[in-house]
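What follows is a set of notes on a single structure, which appears directly below.
The letters A, B, C and D name the chains in turn, as written, and every chain counts its residues from 1.
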Amino acid sequence: MPPAGIWIDGLIQSCAYMTMAFGMVLVFSILGILNWTHGQFYMLGAFVVYYAITAVGIPFPLGLLAAGVLVAGLSILVKKIIIDHITGDLYVGVATMGLIFFFEGAASMIFGMQDKGLARVLPGVVDLGSFSVSYQKIAVVSFTLVIMIILFIMLNFTRIGLAIRATAQQPDAASLYGVSVERLSLTVMGIGCGLAAMAGGIIAPLYTINPFIGGIPMIMSLLAIVIGGLGSLTGAIVGGLILGFLNSVVAYHLSYLSEVVLFMLVVIILLVRPQGLFGASVK
Amino acid sequence: MSFLELNQVTKTFGKLAALEDIDLQVNKGEILGIVGPNGSGKTTLINIISGYFRPTKGEILFNGKKISGLRPDRIASRGIVRTFQSNVLFEGTTVIESMLISAYQQYKTNHWQSFFNTRAWKQENEEVVGRVIELIKLLDLLNDTFLPADGLSHGYQRLLGIAMAMITNPSVLLLDEPTTGMNHEEAMFVVDKIKMLREQGVTIILIEHNMKVLMGVVDRVVVLNFGTKIAEGKPEVVMNKQEVIEAYLGTELI
Amino acid sequence: MMTYIDYKDVVPKAVIGLVVLLILLVPIITTNESTLSILILSGIWAIAVMGFTLVLRTGQFSLGQAAFMAIGGYTSAILTAQMGWSFWPAFLLAGLVSGLAAFLVGMVVLRVGGIYFSIITLSLCEVIRIVAQQWESVTRGARGLITAQPNPIPLGFFEINFFSSTVPYFYLTVCLVAFTALVFWRIGESRLGRSFAGVALNPVLAEHQGMYLMKYRVIAFTVAGVFTGLAGSLYAHFLTVLTPTMLGLWQSIQILIMSIVGGIGSLVGGPIIGSILLYTFGSYLTRLDIYGIQQLLFGAVVVLVLLFLPKGTGLVDLWGRFWTKVIWREKEFEMDEAEE
Amino acid sequence: MKKWIIIWAALFITVLTFGLASAQNEPIIIKVGMPTVLSGPAAPWGQVGMDPYHAWIDLFNKEGFKVGGKTYNFKLITVDDKNTPEGGAAAAKQLIYSDGCKFLAGHWTWNFPSVATVANQAKVILLTRTGNEAVPGGVYDPKKFPYVVFANDSMGQYIADHLAIVEAYPKYKKIGILDCVIGKGPAADITVAALNKAGIRFVQEWFPFGTQDLTPYITRFKEAGCDIVYIAGWVGETMAFAKQRWEMGFKDMKVGHSGPFVSVDMYLAVSGKDAAQGLIGQYWTSWEFKKTKVNPKYIKMCKEVQEIVSKKQGKPFNYTGWVGWLPNHLLILSQAMQKAGTVDDTDAIMKVIRGGTFDTTIGKWTMSGAKTYGSPIVFGCPAALSVIKGDKEVYLSEHPTKPLP
């Protein structure tokens, strides 16, 4: 049995991937596109939080909110300017791949390439005898819980949330709730990418911030939603949990071989259940 | 021995039985109508014959050989080809392209001959294009030959679907509600075309919800309800059977 | 979803001939090894991109094409560096091994469609990279394999020496690109290639018209695998070194971007134009020393191409439009009417 | 009409004469190409050296160097190699064939075998950073690569770093060695053997590329009883490691990385002020070497460069990694040119370099020739370590590099 520290660590990882994957799957299920730029929104979120705290001097939770709002605005711009003008899922996918380079380049030019850190946000640890947990990690978990609760309430009790869920099941159901498809997809793009940015912002104090941190979370959340089943919101959460614990618990036992386990697991899951764990059956 | 034969075919989804112990004989050259109210298992039946679903129980014989359990493409290449209820097309292609894509399956020249552009391939290609044009003429699609298929009107898209099935030289054609969503005139137009196809020597199984359409076309009709066969015979006879009227009770009959 | 345009009827044959002649004369026009090297590498990528486009023709969106380059590259690198084979048999075997791998993998994974297939190939690509990294006794792990140069070919009065200059590599690459282009063009023209459209556009309908989806998908995947493997072998030998990180996920994405930007309307023209233009552009960008601007411009170009040349028509469409605005369908229509 | 032509011609001739006359006094430029990484995730390591390199070359060029009565200056041309062998080869070819560089310096990334091949084919001297079998992608058959000069022997360096740690903390229990798995391969055999031979107690671990969360590895090291963890060159990971071990409560576990500190502020910002205390890094700043003797002229120059760059960037510049590489390459090159009496005969210059002794910013070095570690030419540099104290970087220990038996 791995020590408690490893399980806590797995939980932290899961939280990050869950939030990312949830946003990604929201965008996928409403807009029908796979947003490859998701990781770059994560990176931009981290930068917004960094500059909000160091340059502007606003408190961390507000910075987090600012990251969500700003990046949501940016993603809506991206949708309006680029995604709306390209037809075909494949081509939109490739365009968002092009945007990976664009945003990484832009971030390198604007923010510089060297690592930045936010260790002074919520410093200190809680000592729990055999192991300790930092306030930052507690913040990550509680933030994720809050976000998940807010999303749950939104998806189940608000008009737009119901419209989102209905549209995810059936493409033209939005009109039943009196919401225009255009407005719905803009909202979802904003929420999804804002989630990525907030994930970036909340995780940023734990690790380093540079223009290239988006790549790995992007791949991980992609794998998470594919394992969980594309289009399934539950699947994204479960996929995030699986990958988070895989990355810590398996790494604890097998060290670097966790990478192999990860990819083989993805291949096997998809061969056995091509629609993912929670995806709707194809036939 | 009949041409196409279904022996006690059952299909269940979970606990729900979509089809139960269906026995069916289709004779060569006839037009067989299959009718039934919504949810009676008509489309499931086509899906089973064409290989989209495997029957849970029972077997399907074609020319005395078992075809149940085969892949759809195997069944299609044996000569049982279906159309779809909704307008299922090769999106983005023109009418002639769609037809050719389907036609490529029935070439006698092999892939290598086609790869090396041999004379045999060229010749056959010309022949096939000729046949495609003929069929297009027959189904009144000539003016639309080079138009995108998805730009056609609803009725013509249906006809294109039928044409694409016909170009593969089927011996049995399964038509899944070819007239849904059409007004009476359009439906009759399609039905006329179906009658014409019969002259090409193809056996047709016509699935319909609307009995009116069937009356003038079919030789025989089978009525399904809740996955079981409730009547079979000449259309005029079947229509007056008590079970059939009951099955259709509350829905529009004739 | 996509329309297939055959530009061979659109662009005058004389122009194509001239372009081919110009390409053949490049080593005489310029002796700059740097330019030649850029052309060689874009040619090598063009082969991989053609392979990707062929697989895309069957509706499968592979994110693991770089893995087949890696398989081909490692096969010939291991054979030459570790087992002392000479280049030519190793090169051919690289194509075969990669094709075999594509066939075996394809038999298992091609039945999964859509984005799931992309993710599986992506994962397999990473698995191949990890294997190359870990299997040190054979691949020398991260240290990489130093590949051998092809032996000089004596031709009576002079010999083709691959070590002293890049010109022989240039012609070898041109030959391989030309051969690949020829094979792919014929596949596209033949009944096989045209049937791919059915498989891609509507698998369910195609299956019910009698097409065995797996057959077409596996054929496309295997053919692409063979040529991608050959390209990988050439890549490894031209760069003289092969390390596991050289052919991974990002290279697969690069192949995909080249394909879409070049245009998937044509199996041959689009990939070649896309890879040459994007590769040259990328090489030009390396001269800029404003940090980050390389990626920014590259991304911007990709997005702009997709915005202004939509639906995968890509750069090859510009080439076509340059010559005529008549697309082949209309032309053929007139022809058919004339026949009647 | 004619008048105008005469006036133009006169002007032209005047300009030409003045131009030629001034060109007589102008030093002749020798182009040195540097393929380096300027884009992608590894770009910071290419970028951080740019300013000091240019500043150093400017300083060097004030005096220039004389060969055969003419004054020569260096000019540095950089091309992005995208951190791939493919990009490296392409960059090297551009530099050699398009810019006409006769000398290449650098390629700090691992992927330089392809650069070495290109340089070798073109008979261009490549002065590079590391080189032996232990380095990923190691080339180094002197017969195959006669034009490659290695700045320092990375394996010797690697071992010496660990010996320096041991010197600083003689009571250590076990050293944990952490590296990214994409660099696995070398250490599996040669390094392990060498470390064992040097009598160092150690445990090795590998993490997959891109791992930011190192908790599993920290736990594994702790369970193996390591009290010092030394991370091979991954600065971001080192900072994360330092932070995470602090948060897990393993405050007495010492952390370090091979490679110099980029900027102390960065470590303090990422790891946190407390967690960053005691971080160990390599120390290249020649002016504080205690066992190695350096020409005071170079110490002055290096200090000046630090100041120039600080002024240019508008913040204190305390990265010292640049001292070890390019300046030494150029010093070796200029001295070898002077000895050989030629600036373009690469064969003659190479002959002088082989086995010659040169004065560099890290002391006098005799090029060991073709006998060590399978690499053609190697010169070492002392393994000096520093440690973060407060918000400053201070000298920790030093272990001179010696050729391994």
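Criterion: a contact is a pair of C-beta atoms (placed from the backbone, for glycine too) under 8 Å apart; a residue touches a chain by one contact, two chains touch by 3 or more.
Keep in mind the model is a prediction, meaning the values are calculated, not measured.
Chain centre most remote from that of chain C: B (centre = mean of CA atoms).
Remark: chain A and chain D have CA centroids separated by 38 Å (rounded to whole angstrom).
Mean C-alpha positions place chain A and chain C at a centre distance of 33 Å.
Averaged C-alpha coordinates put the centre of chain A at 47 Å from the centre of chain B. Contact of a single residue of chain C with at least two other chains is seen at positions 1-2, 134, 291-292, 294-295.
In chain B, there is no position where the chain touches two or more neighbouring chains simultaneously. Shared contact sites, meaning residues of chain A that touch two or more other chains, fall at 105, 108, 113, 259.
Two chains count as a pair here when they touch; such pairs are A-C, A-D, B-C, C-D.
Within the complex, the chain A residues that touch chain C are 34, 82, 85-88, 90-91, 94-95, 97-109, 112-113, 211, 219, 222-223, 226, 230, 259-260, 263-264, 266-267, 270-271, 274-276. Across the interface of their complex, chain A is touched by residues 1-2, 61, 108-109, 111-113, 115-116, 119-120, 123-124, 126-127, 130, 134, 249, 253, 256-257, 260-261, 290-303, 306-307, 310-312 of chain C. Within the complex formed with chain D, the residues of chain A that make contact are 2-3, 5-6, 9, 12-13, 105, 108, 113-120, 123, 125, 127, 131-134, 136-137, 206-208, 210, 212-213, 215-216, 247-249, 251-252, 255-256, 258-259. On chain C, the positions that touch chain D within their shared complex are 32-35, 37-38, 41, 133-134, 136, 140-144, 146, 163-164, 235, 239-246, 283, 285-289, 291-292, 294-295. On the chain C side of its complex with chain B, the touching residues are 1-3, 186-187, 189-192, 194-195, 197-198, 201-202, 204-213, 329-330, 332-333, 336.
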